[in-house]
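In the part that follows, the structures are each spelled out as structure tokens.
Consider the two complexes below, in which subunit A is the common component and subunit B and subunit C are the respective partners.
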Partner chain A sequence: MSDTTRIGGDVLPARRNGARRERARLVAMALLPVLGAIVLSGLVLLALGVNPVSYYGYVLDRGLLNPYGLQATLTRTGPLLLIAAGLIVAFRAGIWNLGGDGQFLLAAVIVAALGPLLAPALPVWLVLLAGLAVGALVGAAWSVLPALLKAYQGVNEIITTLMMTFLGVSFANVLVKLAFRDPATTVPQTRTLAVADRLPRLFDTTVSSGLLIGLVAIVAVHLLMTRTAFGLKLRIVGANPRAAIHAGLNVPLLTMATFAISAGLAGLAGAVEIMGVQGNVRADWNPAYSLTVVPLVFLARFNGFASIAFVFLFSVLSIGGESAARRTGVPNFFTLVVVAILLIMLGITEYLDQRRRAAGK
Partner chain B sequence: MTQTPNAAPMPPHPIVALDQVTKRFPGVVANDRVSFELWPGEVHVLLGENGAGKSTLVGMLSGLQLPDEGGVLVEGREVRIASPARALELGIGTVFQHSMLVPSLSVVDNMALGGPWWSRPDRAGVARRMAAVCAEIGVAIDPEARVGSLSLGEQQQVEIVRALMRGSRVLILDEATAMLTPKGAEDLGALMGRLTRLGIAVVFITHKLNEALAFGHRITVLRLGRKVGEIAPERLVALGPAAATAEIVRLMFGTHAGTEAAGGPPRARPAGAPLLDIEGLAVDDASVPVAGIDLSVAPGEIVGLAGIDGNGQKQFAEALAGQRRLAAGRIRLGGEAIERLDVGGRRERGLRYVTDDRLGEGTVGSFPISLNLLLKQVGEAPFWRHGIEQPEAIATHARRLVGEYDVRTPGIETAIGKLSGGNIQKALLARELSGQARAVIFAKPTYGLDVQNIRATRQRIREAADRGLAVILISTDLEEVLELSDRVAVMSRGRIVGVVDNNAEARSRVGELMSGVTA
Partner chain C sequence: MSGLFTEAFLTSLVLGALTAGLPLMLAGLGEQISEKAGVLNIGIEGMMLFGAYLGFLVAYATGSVWLGFLGGGLGGMLVAAPMALFCIRMGLSQIVIGIALTLGAEGLTALLHHFQFAQSYPRLPAVETLAIPGLSAIPVIGPALFDRPPIVYLAVLAVAATAYVFRSTQLGLALQAAGDKPAALDAAGVDVVRVRTFAVFSTGFLAGIGGAFMSQVGAGIFVPFMTNGAGFIGIVLAMQARGRPLWVLAGALLFGACLSATTALQVAGVSIPTDVIQMLPFAAVLMVLVLFGRRASLPPALGTHYVRGAR
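Presenting the complex of A and B:
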């Protein structure tokens, strides 16, 4: 290390310059894969015989520019942000909680059943509060088993949380079809929460206040992880579990806490989706939000603010993609193709960046 | 004990020879112009501490690595051993420390592995040839047994048989006894004897002195990548075990210059009631169980804990620091029992542990220095208030320690993993020695450091004792222990086998205790 200097009180101008260059590099690292993915997806669309310009035009128009589309996009952003917040806590602590979909769906079904039951008896705000709390609790409860296995037996949580998702999704379906079924409808679904009893809309728009809950959650999580002693402990466990033991941290307890927060936020997302958007759960409904948000959080490198940007971008793609799909005849899940290509591009960019840096040294 | 080689008149060339080979890895010279000859019918012991370059040497013989300089000669002809397959072709078989067998397959199937993929393995043929080899070398292996059901010693025999079936005339046993029971090691020694009688050359790598003497005909000692000595068979016989031990201890641990000050200015012999008192400490551990450790350290005293690496020092240190459960025993610090406290509780009372695994557990490499300096105090005031980080307090603390302990770094926000080993060690020393320290455990504090940092670290240890701290210095470097300690305890196989005052006779006494000769 030839550039090693004795530590001084002030940051040198050269270093500040370097920091700016570093920030520019990070922005480029985030944007280049996005551009690459849009171009590559466009080629796929061409191969399908669809004009990519008109597809992207519809996506932009229906997802971002059209006021109703934008409102739908913002509404969808809410639960996705909650899920992203849960994933950030877990991933930064080195816990790969991939069971978000089970936690989300089970919480959604139970909140959907509970809401119409409580609504006649309690004031609206109390129903909503109870719904949110129950959602978070159900989500957290669904992670207790993987959490215990990980904390005390070292069982790989990727496997156990994925397994619990299979169980949770099936169990949620069983609950809809057998226990909570609305007798008034022919298709199996839970009773619908009256629009008046749902999460209030923001101002004069159709945007659900779930967006606010999501924004507060992800900012809070970001601050928790970067500014508090608790967050630092989680990050130590995530970055070097042996150092955590050496430093005397209670690793099993921190692991349990990580699972509880992460799964609780996924459950909260379920509650927000039901009480803000859907109003009920139909049988076999599973939007699989959690697994779609995983790559977005990676793209944002577990940074809360960057995650907001990526989640919003994805919401535009997904809301706009739904109508673009209808109009151009492309399957609805083409949005996922774009995200998948985005992830591959991200990997390639990272690889190139590493090679560049290795060559620079 | 030592047998003379049974081979008939010496052939003109060694079977395998390394001629002045050098192998460099980023930042280290693993082998520096090492020459090494292997004669048929001999067990050639390669002796050295961890990091002495034994594995690199073996890697070049078995085709895992190519030398940067120098040549490999097989029967006098220069060859290039670019792959393990090539090594086998040349008749060099290697049995690695960790089994290379498939545990779920039978012995025969393991032997048949590596055959052409299109043909059905000739199990009967393999079993027949295997039986022949087994009979020749005097081992009994059930060909149908599942490898996973065999003991480690038996698995090793299977690997030896496999190597011989593939036509090996040179057998490399890499740390072969490290995982074996004493009985298993003895059996392996006897087997090596029988192999040499068949004219096979054996390279036996170990860091255990007694095994080297018991099984070896010729002994080469490596130290820090250099060959520091070789004892030929005739000389080994002439010396006898006691003199040979002394000779090897001298070679392994050196009596070189650089320690001319021998302890620096003599320090007043500390006295008084022990500050740190350990009684009957025991730790359960699969590889090296530790038991019956009694040790007390007075304020201002440095007690060296010498011993060959892997004899329970790590287990002992971790149990003392609170990272490992005690199976039994008591620990008192200033009269207060602390064995029931966790890491944090013991640290609060002044017990500090400077780990030797600086990047593995001592630090979080990707985190800034400032946070690594507080790794064991996360959440404590004034650095955190109500759980919220106080950047100013953290930065001030970091700047003070970085200055005080002379950590050379571009800044306190630099990721600690980017620093050199010496500077990481300085940061660790800063973390452990600052504040209300009363007793400190140093684990191999100068391991892997350069001369300057070694000197600086040793000075810190001395200063710590002069401040009245009770110091336990765990080191595999005998020079270091003798230079710094007031008393020297020797650890072997999970026990303290002796404690000697550090005086003129200490070196030879400790050497004997370490080698297990007078165990």
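Presenting the complex of A and C:
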């Protein structure tokens, strides 16, 4: 239990007899906001004249219980885990990389353009490796400007990464419509990567091996941040940049490294989404995963293993919600409302917990 | 390219800069009040969007432009209320709650729009303009700047009023102190929480009107996600203006000109994909940050929660 990082408040060392209670408290603090969000967003559904029980039942059936739904959910989990891994690195280092959507989308577009070009000339495994590497590089490249501004000018990275996202989403559209457009289609989109050239599927299912990449990445990031000297340095920078300078750490360089890893993972997610799921990028496609993963990482208190659980839960909600949109007429935007309520519930739980602990001291 | 400097082109450029810049200006002005008081208001995008929705709804239901703008302002304040409660009173992370409010407003307005207007897509009639006698007869600038809906003049007056409040009133001093050294304000007997709450609601009101301007005057229709980052540009404007409202006005017109270049170029017969044009304002913002980033000064207590007696 050495890594009970919190958004605010101090970390008390759990005494041996209090360890179990401490763990129960952490679980409760993660589950209560989820329950609260489900109940409150159910009330929103009621207000819109939709039966929440049948809606959630349908979402659960299509996202988790139905085998095709479950496979789609697991496939969706892969890229989301990569994004979550990127956010964990940044947030633990105290850097607000909110530009994941631009990094993801640009990487996706470049990989989508490159894949079908390389596929006829190279063996499949080499194309896939190249695609993953290029995706990570493009993502990282799109964060260089915010990283430089933050590291050497002290410009607030929330603003710069958000600006880069807006810029990147438009730029991705320009690339799809002008540079990488498939001449054979009327709707602007990139050439499609043949199914044979995509990331292999796991066993006899339709689950993309992107899931494995995501799982490996998030576990690796968790270990990197909690078990290595490099991770410790990043956490010191995150906890107190001034103390980090006095400790002799090269804070600007560590900031640059954090941005590169975080954005690189977001770009990798884009590559995995294209080579594992989509096969091409249509104009104006933007799933905007990154901002919706932010609250999940918070719920998990930047813990990699807990993030896996929450990302899976969100995938169920989002895959089930997409089916439900067609059936029940509740558009997908509802997921945004759930995520927003979840964030606010998370904050309230945190607040109540702090007050309870302050009262108990 | 022959028609690039005709009167029609120039008029549409100035007019477009004003129409696109005014919401940015209101957002920047609102954000400036929050930042001055030490609140980094990331939820402003959501406040604008909800203002755009509610302003459109009220104007559509009542047929009154003025009630529409009032509805927009109230819509922005509705989103500001949770911000005030959670961040100012309870001390939750301003960034987390700000993101939540923006996401929530995006989802909620898109949902409501889906259930109410997705079939019909109703439009509002064009907003009536008020020509200022004399000034509106000037070629190019006259029709573009002095024959506008009255709300435009009011918004510019709001900039002057804010500048006055910042410079010459007790309230302005309290706002400044709440951002610079809240403990000192507290010691002087002024309630920090109350000052910051006032600031956040002012931001919501102004941003909401800015959003309502986009839906009522700019587009004449509400479309989901229509603010498209205008609130975030407002944040940058507020940072670069370093506490001076008049600079927000100037910056907003500059960014407005970038945003409106599409329509102006179309008038001149040049066709560029809209995506290229949409990149312009953000590219401009980043360029400004690269050139002047170091000079963007922010209040020392920005983003921190004030707890009386805490060290």
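By our rule, the second predicted complex is superposed on the first by the 347 of 361 C-alpha atoms of A that agree within 3 Å, B and C clash if a C-alpha of one lies under 4 Å from a C-alpha of the other, contacts with A are read in each partner's own complex, and residues count from 1 in each chain.
Heads up, the rule we're going with is that a contact is a pair of C-beta atoms (placed from the backbone, for glycine too) under 8 Å apart; a residue touches a chain by one contact, two chains touch by 3 or more.
Worth saying up front: this structure is predicted, and the values here are computed from it rather than measured.
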Partner with the higher number of touched subunit A residues, subunit C or subunit B: C
Partner chain(s) touched by A:Gly154 [first = subunit B, second = subunit C, both, neither]: second
Subunit B versus subunit C as contact partner of A:Leu178, first or second or both or neither: second
Contacts of A:Phe230 with subunit B and subunit C, given as first, second, both or neither: first
A:Leu122 touches, of subunit B and subunit C: first, second, both or neither? neither
Which of subunit B and subunit C A:Leu26 touches, first, second, both or neither: neither
First (subunit B), second (subunit C), both or neither touched by A:Val34: neither
Common interface positions of subunit A, toward subunit B and toward subunit C: 7
Residues on subunit B engaged by subunit A in the complex (per definition of touch): 322-323, 342-344, 347, 353, 355, 357, 360-367, 371, 375-376, 378-379, 384, 387-389, 399, 402-403, 407-412, 418-420
Subunit A to subunit C touching residues, read off their complex: 7-8, 44, 48-49, 96, 98, 145, 149, 153-156, 158-160, 162-164, 166-167, 170-171, 173-174, 177-178, 291-292, 294-295, 298, 330-331, 333-341, 343-344, 346-348, 350-351
Subunit C - residues contacting subunit A, complex: 40, 42, 82, 86, 90-93, 95-97, 99-101, 103-108, 110-111, 114-115, 224, 228-229, 232, 235-236, 239, 273, 275-276, 278-279, 282-283, 285-286, 289-290, 293-294, 296, 298
Subunit A residues within the subunit B interface of the complex: 1, 3-7, 9, 11, 15, 227-230, 232-233, 235-236, 239-240, 242-243, 245-250
